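Both complexes below contain subunit A, partnered by subunit B and then by subunit C.
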Partner chain A sequence: MGFRYEFRLSGSGGQGLILAGKILAEAAAIYDDKNATQSQSYGPEARGGSSRSEVIVSDEEIDYPKAVNINLLLCFTQEACDKYYKDIQENGILLVDSNYVTNVPEGEFKVYSLPITEIAEKEAGKTLVANIVALGIITELTGIVSKEAVESAILSRVPKGTEELNLKAFNAGFDRAKTLK
Partner chain B sequence: MKDFLTHLREKTAEFGNHYNKHIQAVSKHLDHLIQRLEQKKRRDAVHILHPAYDFESDLQTISNVCINDKEKLNFIGTYFALQLLLMNRQAIDRLRMDVVEADTNRLPVYKEFMVNAGNNFRMLTAYYIKELLNIFIKKEKYPEFVILGVGTKSDQDDIDVGIIDDGKHNRKKFNRTISLVSQEMLKFATSFHFHLSEHIGSHYYSASIDEYELVLRHEIRDFVIINEMLSAAIIIGSEKIFQQYEKEIIDRYFYHPDGDNKYHEGYLRGILGEVSSLLARPISTTHINFKEDALRVIKSIISARKTIFNIKKVNAWDIIDELKNKDTKMYHEYNALEKSLSFFEIFRYVYQLFVAQDEEVILEDASLKNIRRVARALGYSDIGKCRAEEHLLVHYYEHIQNIRNIIPFLLHDIKVHLESISIFVPMFDSGYKGNIAQDFLRKFKFFRGTSFWDDILDDFKDENILKRFINDLNSFKPDTRRKLIKGYMEWGKYDIYSLIKFLTILGKSKTGLTIYTDLNNRLLKIIDVIPNIERNIAYVFYRYPHLINTYLSLNEEKNLLFYLKIIDRKVYEEEIVGVISNLKNLIGIHLLSSRFFKRFFLRILDKYPGSIKLLRDPDQLEEFADGIYSDIGLMRTFKEKKEKLGDYYDLEMVRVGIKTLKRVSVEETNAEFTEFSDKYILTLFEICRQEIDAQNKKRIITDDVLAIFASGGHAREQAYDDDYDIIVLLNSDDPKMISYCNKIISRMNREIIKRGTIPHHRFADYFGRFVISLKEIEELLSEKRDDIFIEKSQMLGARLVVGSHRFEKEFLGKIVKPYIFDKKQEYIKQMVNEIDSRHNTVEEKSLVADNDIKEGIGGLRDVEMMMLIIKARFSITEPVNLKLFKDVASKQKDLRDDLNKLAKAFCFLKNLRDVYRLTAGATDVIIPEALSNAAEIMDYHSSKKLYNKFIKVKNEVRIIMANLIAKLKYV
Partner chain C sequence: MQKINRQDAKLMTGNEACAEAAIVAGMRFFAGYPITPSSEIAEVLSRRLPQEKGVFIQMEDELASMAAIIAASLTGVKSMTATSGPGFSLMQENIGYASMAEVPCVIVSVQRGGPSTGLPTLPSQADVMQSRWGTHGDHPIIVVTPSTVRETFDWTIKAFNFAERFRVPVVVLLDEIIAHITEKIIFPKEEEIKIIERKRTKETPETYLPYKYTDSDIPLFADFGSGYRYNVTGLSHDETGFPTNDPKKIDNLYRRLNQKIERYKNEIIEFKTEFLEDAEICVVAYGSSARSTYRAIRQTREAGIKVGIFQIFTIWPFPYEELAKVSHHIKKFIVPEMNLGQIAHEVSCATRCDVIKVNRVDGGLITPDEILERIKHVSV
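After this line comes the complex of A and B, so read on.
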């Protein structure tokens, strides 16, 4: 029996969650040779400033690309957390940026509350790479996509001149997640 | 010679990192692909190392030579990747050449480039998808289908598609096939997005026409779906299905002059809501966003208009071309829109090609380097100190301004169109039989999710319609009425702009006040849980500051405090942080302000809503006021000049008031108040004089003949008085001159009253006119009356505002010196008696409240009388202000201590009076309960503490006064 792993990355527009979703999907599909799909918030829901990106990774055919039973939910805002935490499956993971999510819900899932934006600021010098820090944490916490694949996908997505900064952010997240295990 | 791959890498090195995916595919599979083609002797049949022109044939040839499906997928994916790279390379080379040729007229080049790039990309993608489907579908029976491109039709980070099937045969399997196609697209090409099918029907990837019908028949739902449908163009598949889809589903959203326009109206309400909210979005200073800043709003407005003019084209430039022909009155607007569209599209396209497939670009050093590369490719070069990228960014902001200037016209035109077709229109007819309040909500159900209601809300501005609505709503029993109020909240809670507009219409109307209160209370109950409420309020405030200001003025203190809490949430965008900060400042002013002060700032913000942004910065407000003052000269009529001057006064009043609330010193407040107030009177005199001259058709010189003196508070350079004591003196007995000057003053009075300040002409009662001659004053002061010291005090305290210094000298010589300074003993005695008698009256008869800051014992009147005594005693002609205290104290040793103490007390009393006027009310009676804002501003932090201090100072003043009088009584 194959596996199907569902990620939902959520927060506010401008926090780079769509890009993080694309990187994760490409890392799985192109660099790890797995099946992957990525979809994102669209339509009126995306017009109010909220942002959501979903990635499904599987070693089998993906015939339904919407996340319905979330394995990992990343939340960059309290609103997103309140809205989506109920979709996390039993034993799933809730990862929140403690800089923005202060009221963390309880449930049959593991909670990791980390100051992701602060890590980005401290370790990479820029808060705008908080999404990449989060990717580092997710990569290490889940082990669904290899570190090398995500690094390659990052390098294939970020603007020229920012590669080093993004890798630094990714590794900062990855290393921080190691301490949690 | 370099090998092909090295050459390809070099040629595409300037492309963004996201092209690594394509390079990697080519590196991995190209050699094998060529080997296979050579092996099958088909190498020459495929254009593989150069841009191809027959993608379909090439892809088929490649498929045919492969030994299995896996190889097919890899090889056609490689072909796609390679052709995409070569195509983009070629396009950029051509662009560079064309912009040099075009010199500064580059926008037509951009348009042509984008049209060609779109066509080529669509063709390549279509044939690639076709080949993928050939591989996956094989010979199985699948439903008839069509794949439609429903988004931007050039290379981007995703391709928005809608897949329509006929609802028959193996749909589940067909959807799995699309899933496989989608996964291949992610690996080798560009990933798909399936918004349409995600929201319609039971399958994720495709939906049937019947499923569309089922979802869209009863309500508008999601206008983004409609937008996508209206831009649908076949990528591949059944033309028959598409035609049926167009006829049965899409066509309903177009305008039908003689048919049902409910769907068309719904689409317009959705899309115009989107346009309005995008226009309300503040432009960031830290990043640019092609889609949000410009492209989405341009395309939305074009799409809205295409449905009105029944244009079936889907490419934005084609639509604009046709609109120019069909809607000639807006030709220039379309032309300008087209230029901006070309600019934003190519900027985004080349940025995404060179840098990253993002819509948002943070403006920092690294990205500026990248923008520089884009700018160079677009034909920009360094000019003097201005670098190419700066030049490009300046154009970016100019184009945003361009579309923000144009779109409101187009929007208004659509609003007019809506007014003629709306299903709501019959409700506003006077003969309407139904219940407006209930029927509006019933009809609204179909439009749920849309947010443009300006046309309807403007109808409610008609008092008769509003009355009818209110009566209809109130005709229900409380329970039903409550349900309807709830319904209106459902209508408005996701469209804060419309809701607030509705609330202000109700709140400003006397008949609507109860419903306003009910609805507003309901809003306040649920506002906390409305997603992104702080951002939505900030947007409305940014676009419609005047509306928010009016709404705030309708809310009581506890609501304002609640709003302060609501908007005090963490937001990420700097530009919104700035807007929220401005809004907090405005709420703060509403909270602190008395009605007296509100009158000024509401008036000014009503007229100049843009000035709301400046409330935080009095210096900027001063520049703005100076601008208004400069405008006076440009006004054509005297009426306009006077209105402009009034605006200047109001604005300056607001500015100085804000400074007071921000705790600047009394001296500064009074000095600035006096400066603008004198400037106002002087200019008003000039305008009124010119007006009379224009009517009389002759100019009369008044320079040394007429003078306007301020007396009372204005003479003492005291801020925020609600009356203006004026003495108008004439150094002539000529009746014509008296009549002429009287006319001027009469006009001035009319204007001064409009400012909420009542002009008091001190001697008008005696002489029956505003203007009095010096001779008349001399006669008056010669009268042997006990109370003549009152008139003398007016003269002694007067300060010249309009007139020559020669006149002032004459006034001092003829009036002040002989009647006051030369008779100081008598004057001082009368003043001392008056002080005693006032105190006795206050104490014995309790005619004056003890907490009257002006007339109470130890109040401002006492201090002012004391200073007049001092002026007379030492023959001082300067006005009564803090400087006078200091000057006398420095010269009169025996008075120094008392005067310094009195100055300090005077300062406190004046400050308290100023702040109290701005925060509590324009009254002199200090009510302890109304002191809370003043206590905060004056750093006492407790009303009680401040009140106690006030009482203490008054007592101190009484003691100081007694000391000073004892020393000055006998001259």
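After this line comes the complex of A and C, so read on.
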């Protein structure tokens, strides 16, 4: 079977994880010309409650659209981290926002713990764009989608008037991740 | 909201593809009451329909939504509504009315767990039987079950074509996975899209009979408000559209209503198979369970197990004969469904074989592993 890469972005409702997933999928499927799906699981609440967004990137048709053997797990809450870290595959990546996740699990995966929300506030001036900062980090850490593709996808998906803010947040995350390698 | 340029590949959800396809099919009237997980269909159409000089109405409830699309369709406009389990229940009475009065219309139901309010945000396939038998009485209805965003686009257009051609309500039965999944869609080319319009009468208003017998079993239509006056009723009626108690006329009506689907079922039923030629095990699947199945059988084939899939696109009328044809060399059938086995029984009826059920009703999508395990278990 062909190449298949699974992302799970997890946290709570309102943190922009579904949008981040859609941007990632659009970058891969439209601008990088691979196949990608994004799906989600969330509760009946508009905010709060657990939220999870999954992106599959592949070079062939994607049948099953859910993540089962995660290559990269992003966690914005301790609860999500505790629940999902066991699904990371060997040599996969766990990325956590250290502002929310303090108890980081250990396993056969690489751990990156970064103050994502704090970076959003300091570098872009708004905690709101923490999801986009995380996208920047993910883009650089995984190399699955190109930087240009994600930037194009951000411009097509974020609300009008917030393009600059979001690109700034994306680059802040991307540059921070460079220092980790 | 910008109009979609269908020359390019797009990343969209099943709900968005459904709304866009409806517009391509010529739908210009939507009445609905938004409900998770179908709400985006209403949301998209509330912006798109005015751009196409169509009408969008948010109604007070689902009973009224269904009534409104029937009335709009009677004036000659292709009409639809979109809902989920609880709303679909409320629409059933008027779906029966559309079946009886032979009014073309499309109802999209994005299934969620039930009964009652159930599981609003989680996937389910619990309305398969409701889509067929939700309204009372022997009635004609067509139900389609796509499994990808592109299939949702294609089958929404086909749903309108069926509705127009056979003058029946048609249900596009989606589930949350397909409705909310965002994936790449490459649109069919303009010339590949076939659009069917209802056949209209050539009679004058003076001689027109709304339910006059035709060789095709499908009466010819006259747009309400165009000078043709006729009666529309949910009571059993004769060719004039007025109620009748004549046993012969009643019998003719009910038999014709059901026969008009039965006699054309070979032109309606569609399915897809993979690896079935030499298979000993066949997985029968529809909707998002089919996606899990494809992954499972592709993995099992690599392990040398002879397994194939029979994916159903038109769940009603059910492909009994088509399944029976493939059943000769099949030892076991497996039916994965996000319900407690609504289609498994039909598969067993069609094939007269042992059917193994794989069911989930906890709000989770059936995983390829769950199907795989069952395949391995029966192949031993």
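Following the convention adopted for this analysis, the second predicted complex is superposed on the first by the 172 of 181 C-alpha atoms of A that agree within 3 Å, B and C clash if a C-alpha of one lies under 4 Å from a C-alpha of the other, contacts with A are read in each partner's own complex, and residues count from 1 in each chain.
The criterion applied here is as follows: a contact is a pair of C-beta atoms (placed from the backbone, for glycine too) under 8 Å apart; a residue touches a chain by one contact, two chains touch by 3 or more.
Given the structure is predicted, the values throughout are model-derived calculations rather than measurements.
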Clash or fit, subunit B versus subunit C on superposed subunit A: clash
Subunit B versus subunit C as contact partner of A:V68, first or second or both or neither: second
Subunit B versus subunit C as contact partner of A:K160, first or second or both or neither: first
Which superposed partner A:E79 touches (first subunit B, second subunit C, both, neither): first
First (subunit B), second (subunit C), both or neither touched by A:I30: both
Residue range of subunit C overlapping subunit B upon superposition on chain A, of 23-31, 203-211, 221-229 or 239-247: 23-31
Doubly contacted subunit A residues - partners subunit C and subunit B: 22, 25-26, 29-30, 35-40, 42-44, 62-66
Residues of subunit A touching subunit C in the complex: 1, 21-22, 25-26, 29-30, 35-44, 62-66, 68
Residue numbers on subunit C that touch subunit A, as the complex places them: 9-11, 36, 120-122, 177, 180-184, 288, 291-292, 294-295, 298-299, 302, 365, 367-369
Of all residues in subunit B, those that touch subunit A in their complex: 16-18, 20-21, 24, 157, 172, 175-176, 179-180, 182-183, 186-187, 191, 193-195, 198-199, 204, 222-225, 274, 277, 287, 354-358, 360, 362, 366-367, 369-370, 449, 531-532, 535-536, 570, 572-573
Of all residues in subunit A, those that touch subunit B in their complex: 12, 14-15, 19, 22, 25-26, 29-30, 35-40, 42-44, 47-50, 61-66, 79, 100, 128, 155-163, 165
